[in-house]
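Chain lettering (A, B, C and D) follows the sequence in which the chains are written, and residue indices restart at 1 in each chain.
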Amino acid sequence: MAKMSIAEALREAIREEMRRDERVFCLGEDIDVEGGFGGAFTVTLGLSKEFGHERILDTPISEIMIAGAAVGAAMTGMIPIADVQYGDFLFCMMDQLADNAAKMTYMSGGTVKVPMVMRAPVGATTRGAQHAQSLESFFTHIPGLKIICPSTAYDAKGLLKTAIRDNNPVVVFEHKLLYGSKGNRAEKSALSPVGEVPDEEYLIPFGQGVIRREGTDITIVANLLMLYRALEAADILEKEGISVEVIDPRTLVPFDYELVISSIKKTSRLMIVEENTRRNGWGAEIAAQIAEDALYYLDAPIIRVATYDVPIPFAPIMENFVVPSAARIVESARKLMKA
Amino acid sequence: MAKMSIAEALREAIREEMRRDERVFCLGEDIDVEGGFGGAFTVTLGLSKEFGHERILDTPISEIMIAGAAVGAAMTGMIPIADVQYGDFLFCMMDQLADNAAKMTYMSGGTVKVPMVMRAPVGATTRGAQHAQSLESFFTHIPGLKIICPSTAYDAKGLLKTAIRDNNPVVVFEHKLLYGSKGNRAEKSALSPVGEVPDEEYLIPFGQGVIRREGTDITIVANLLMLYRALEAADILEKEGISVEVIDPRTLVPFDYELVISSIKKTSRLMIVEENTRRNGWGAEIAAQIAEDALYYLDAPIIRVATYDVPIPFAPIMENFVVPSAARIVESARKLMKA
Amino acid sequence: MMISIERILSMYEQMFLLRNYEDKIYYMFLEGIMPGTIHQSQGQEACAVGMLYDLRKEDYMTSTHRPAGHCLAKGVSLNSMMAEMFAKSTGCCKGKGGAMHTGDISVGALPAIAITAGGMPVAVGVGLSCKMRKTDNVVVCFFGDGASNEGAFHEAMNAASIWNLPVVFVCENNLYGASTHIRQVINVENIADRAVAYGMPGEVVEGNDVLKVNEAATRAIARAREGKGPTLLELKTYRRCGHSRNDACGYRDKQEEKEWFDKDPLKITKDYIQLNKLATDEELEQIEKKVLQQIEDAVEYAKASPDPKPEDALLHVYY
Amino acid sequence: MMISIERILSMYEQMFLLRNYEDKIYYMFLEGIMPGTIHQSQGQEACAVGMLYDLRKEDYMTSTHRPAGHCLAKGVSLNSMMAEMFAKSTGCCKGKGGAMHTGDISVGALPAIAITAGGMPVAVGVGLSCKMRKTDNVVVCFFGDGASNEGAFHEAMNAASIWNLPVVFVCENNLYGASTHIRQVINVENIADRAVAYGMPGEVVEGNDVLKVNEAATRAIARAREGKGPTLLELKTYRRCGHSRNDACGYRDKQEEKEWFDKDPLKITKDYIQLNKLATDEELEQIEKKVLQQIEDAVEYAKASPDPKPEDALLHVYY
């Protein structure tokens, strides 16, 4: 067992897969320039030492090309791991991801495969509105993509390895405040959870959530940074005698409904916590699906705690107000118990 | 009162607003080349005769530029009406719409306004996966945008005029099978509703849905083409003694929850019909919101009837299978009554 | 030097196939027995055939919303192309792709991409793959004059150049992007002139002369194969058909149409053959009859093929 | 011809302000009393001042993730800039924009756009607006060397050219896009060479010499004002600072750094003034002291300014 940050775990996953399979390569902006950053959050730092700059490919600032090249390489025998510095820039390559990556297999009647991975850091970190968005829900709406969001080092390594071996395009959402990036790429107010990672190889299948904390009164589904806020809230609520079960879905497409339903059978109350803005967030899909399949298990309305429907403001005072805090989760949980 | 197709109604709205306010202009690909198409669906056909090619501006095939230019012109005293030939191409300009159009007012602390209109045809018409998507739900998730979807000639004119006078970016989703485009731009299997349009000027405020058909057993919320499929289904269901109330929201952001809630107070059953793919569609947001605010009025689960989560296949047999049909709505309604 | 007889005859045969395949589709489409829309390539046969004639099966091609000629010339089977147009389960995309997405990866024809210039960054990735896998395969990337104004064009051209990739960028300049004349949307004489912005060789080619196209293709493909990097070829050509469906081309100058219609690539090649007595009229007729029969057979095959099942729509979302 | 004394002195004063504003921010940021991140412009002062010195208030400017110098030179108030860095309600964006989005439309400075090249299509729209409203206003559009590889660059350059818009495209080539040297990502000598692809004049300018920049600016701006269309200016310059935050620039060649650091735009201008005896050292000191005081005052103003209320975050989503 080694202790690792999420950035290190992702790096190890990439390293192991690149050693295992020479078709795997990385491309992105500033991912491992000599003396550079190793990507915006150090995930690919130093990999070119072992694999060279052909397989750790620094690109021009050309997002359309990065995504398109990943699609083309994936269709013809390679396994690209592409990277954007901030998830927000996925909008610049949206067409390639939505119209090509997601549809090539289908449009070809299943004769073409697109085994690519698209990595994107998300989360608000006082950078202002264009470097703060959580874009999961733009992509869960696109059939043909798989969407994962690891929140621990263990999951980061196991899920990324699974993504690399998947024959379909997988978008990996990683949280800026969870990486544990070091040096001059360190993030203020980062949580940077360090976790145990087995020395022996392991893979984590998609579609299996985990219960991060057991409880009996309320089920909270939360991903990435919001998972930690939910756990923080659960501690506070416990002191008030409210027992919260916290579920980390780990992957959004596919999503582990069984786990959530088995949990609400017990708690009969559901809250979803998400960092993306509320309207049409992935939490809406979960809520709607549960309202259709498991309504009868619920004793109270389904609550979503999400970022308010505004662009992310720069001022920390305002950013902290719009992004769900442990306090807001606690407050919503109290209301929910009274409902 | 004049009878008009939706394409004609949109054209009249643009014509009136361009006459009223010289800041209003149109830009897009092939929107009114001499001897050309007047846009992919004839909406802007002939307008250059009256307004000239400066104000009916044919552009290169450059979606990023089209959207960005609309943003820049809007911020500096103009009111652009931009156009994409197929809604799918919005992905090519996603960054400009999501990061600039939607956020400029906010990022500037309210000092800058972006009064632009982005028009986009949606719907599956046997063109294959890249010319078939309904993209409403990618945009309802973006704070700062308003989203409208007129389904009648009367609404098309009244809502578009309101959009043009709005100080914010408005995305207008229009349905290819509802335009009533003529000549060589006519669409096979188009519905092309013709509607009464008053001769005197009128505007339709955003956020006000309408009841297209009254009923007592089930409330169906449906937009664009799905509205007509829902009405068709309602006729069939009536013969079976199931009374359906059909609501056309007309605008998705803002959304008229009051109307829906007042309806389900009566029917206690809610179904949402949408043409976009199901996962994370706008119907999920409506369902989630109702499950949070009005759960107690419901006697049955909230049902969503949407396009299956697949890219749109080319073969009509398969396309008709994945897109909600009146038959599928009827079937779901019967189930819902038994629930 | 004089081209070999069977070479020129088979080029003519291919061009004749492309032309008559499209014409046949056009008539059937007007009859209303075909779903969707069509973007046809009559008049641009010399581009597809000249560029792809010497490509290997292992080489790749990316195409556009106007892919029929490219696909047939790259070796996608006539039957599977026709069946796709009829939305049959035997189509090259099993009826899921349609006219704008035909292709067959087994012969190196990627499913066509209908997003203008959307295939260009993909071609960069294919070139990267050919290079990284240490093959000497190349990619021919087709796009139009209008596509050269897309951001995707710029990003793809630049990347292919700095990475020295085996990509041949082929701009079929048919003077129009839909109804818009290229002169109205670019401020340079030739699209090939844009190659200088990427330090890439650019060449203007008479796109309706299959031999001229093939000569340019030979140079560019050899360059790519030898690892010397990408080339931009601009093939000057013209649509004999509408942009799509029953487009009457009201936006085109009649004089311009006449001049270009006179430069019919099939006629140019046929004249060359006859002038140089490379085949008798009988031999040519034989070829043409054979091809027309193949097309009829393909139509029969397609019509006789089974429709996909509605539920097949749920397959192939994931590989 | 010799430049007027007050002109060169006020240019120097502006450059001195830009440099010391950024340096002050840098120290305060390291102290940790400032939120977010910083992308600074030390070393590129001659670009901002030379380009914008003669711009009218009614003229427009679009900027990037590195906007401080541009904004100050365009006339955004020092106090409101500083207050925005402190995330105060008195900031030029009321604390909502932050370091990457500073601007003030009332002086023609659009809120900076932090998406690389994202401001270029917007500048096209501003140029369109200036033209359609029949004003003789112009737009100066700043972007970086790295931005010239974005599709947005291509689409914007082409549109501005075919529509003959009053846009001056200014590429501040500081040799790096983040950690990536421009040589690794383009295959042409100069970014200005890309102008030919759009039929637009392109010019390479010594970007650290404010007078040379100003001369080029004067020509390009006059051309735009007279309705003769856009120009691409490439200003060769260099960052004296990191790309962002506490970046030690480990990716830069030390020799390269030394050569460029010697070409300090402030020193070049000061030397020019002293060589031509346009001001005494006392006069220069006066100016510098005045500016340093203004900066200290701005810091005081910012610190004393009220924070926004948390709920203010809910305002201004819509106009």
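Convention: a contact is a pair of C-beta atoms (placed from the backbone, for glycine too) under 8 Å apart; a residue touches a chain by one contact, two chains touch by 3 or more.
If you're wondering where the values come from, they're calculated on a predicted model, not measured in any experiment.
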{"item": "Chains in simultaneous contact with chain A and chain B", "value": "C, D"}
{"item": "Starting at chain A, fewest touch steps before arriving at chain D", "value": "1"}
{"item": "Mean-CA-position distance for chain D and chain B (Å)", "value": "41"}
{"item": "Centre distance in Å when chain C and chain D are each reduced to the mean of their C-alpha atoms", "value": "46"}
{"item": "Between chain C and chain B, distance of the C-alpha-averaged centres to the nearest whole Å", "value": "36"}
{"item": "Sites on chain C at which at least two other chains make contact", "value": "93, 95-97, 101, 113, 115, 149-152, 155, 158, 162, 184-186, 317"}
{"item": "Shared-contact residues (touching 2 or more other chains) in chain A", "value": "59-60, 62-64, 88-89, 92, 95, 99, 106-107, 128-130, 143-144, 309-311, 313"}
{"item": "Chain-level touch network, classified as line, ring, star, complete or other", "value": "complete"}
{"item": "In the complex, chain D residues that touch chain C", "value": "149-155, 158, 161-162, 184-188, 193-194, 196-200"}
{"item": "Complex contacts: residues of chain D adjacent to chain B", "value": "60, 62, 91-97, 101, 103-106, 110-111, 113, 115, 118, 120-130, 132-133, 151-152, 155-156, 158-159, 162, 315-319"}
{"item": "Chain B residues within the chain A interface of the complex", "value": "88-89, 91-92, 94-95, 98-99, 102-103, 106-107, 128-130, 137-138, 140-144, 253, 276-277, 279-285, 287-293, 295, 298, 300-304, 309-311, 313"}
{"item": "Contact footprint of chain C on chain A as seen in their complex", "value": "23, 25, 54-55, 57, 59-60, 62-78, 80, 95-96, 99-100, 104-115, 143-144, 146, 167-168"}
{"item": "Chain B-facing residues of chain C, complex", "value": "32, 35-37, 84, 87-88, 93, 95-101, 113-117, 146-147, 149-151, 177-180, 184-186, 242, 245-252, 307-314, 317"}
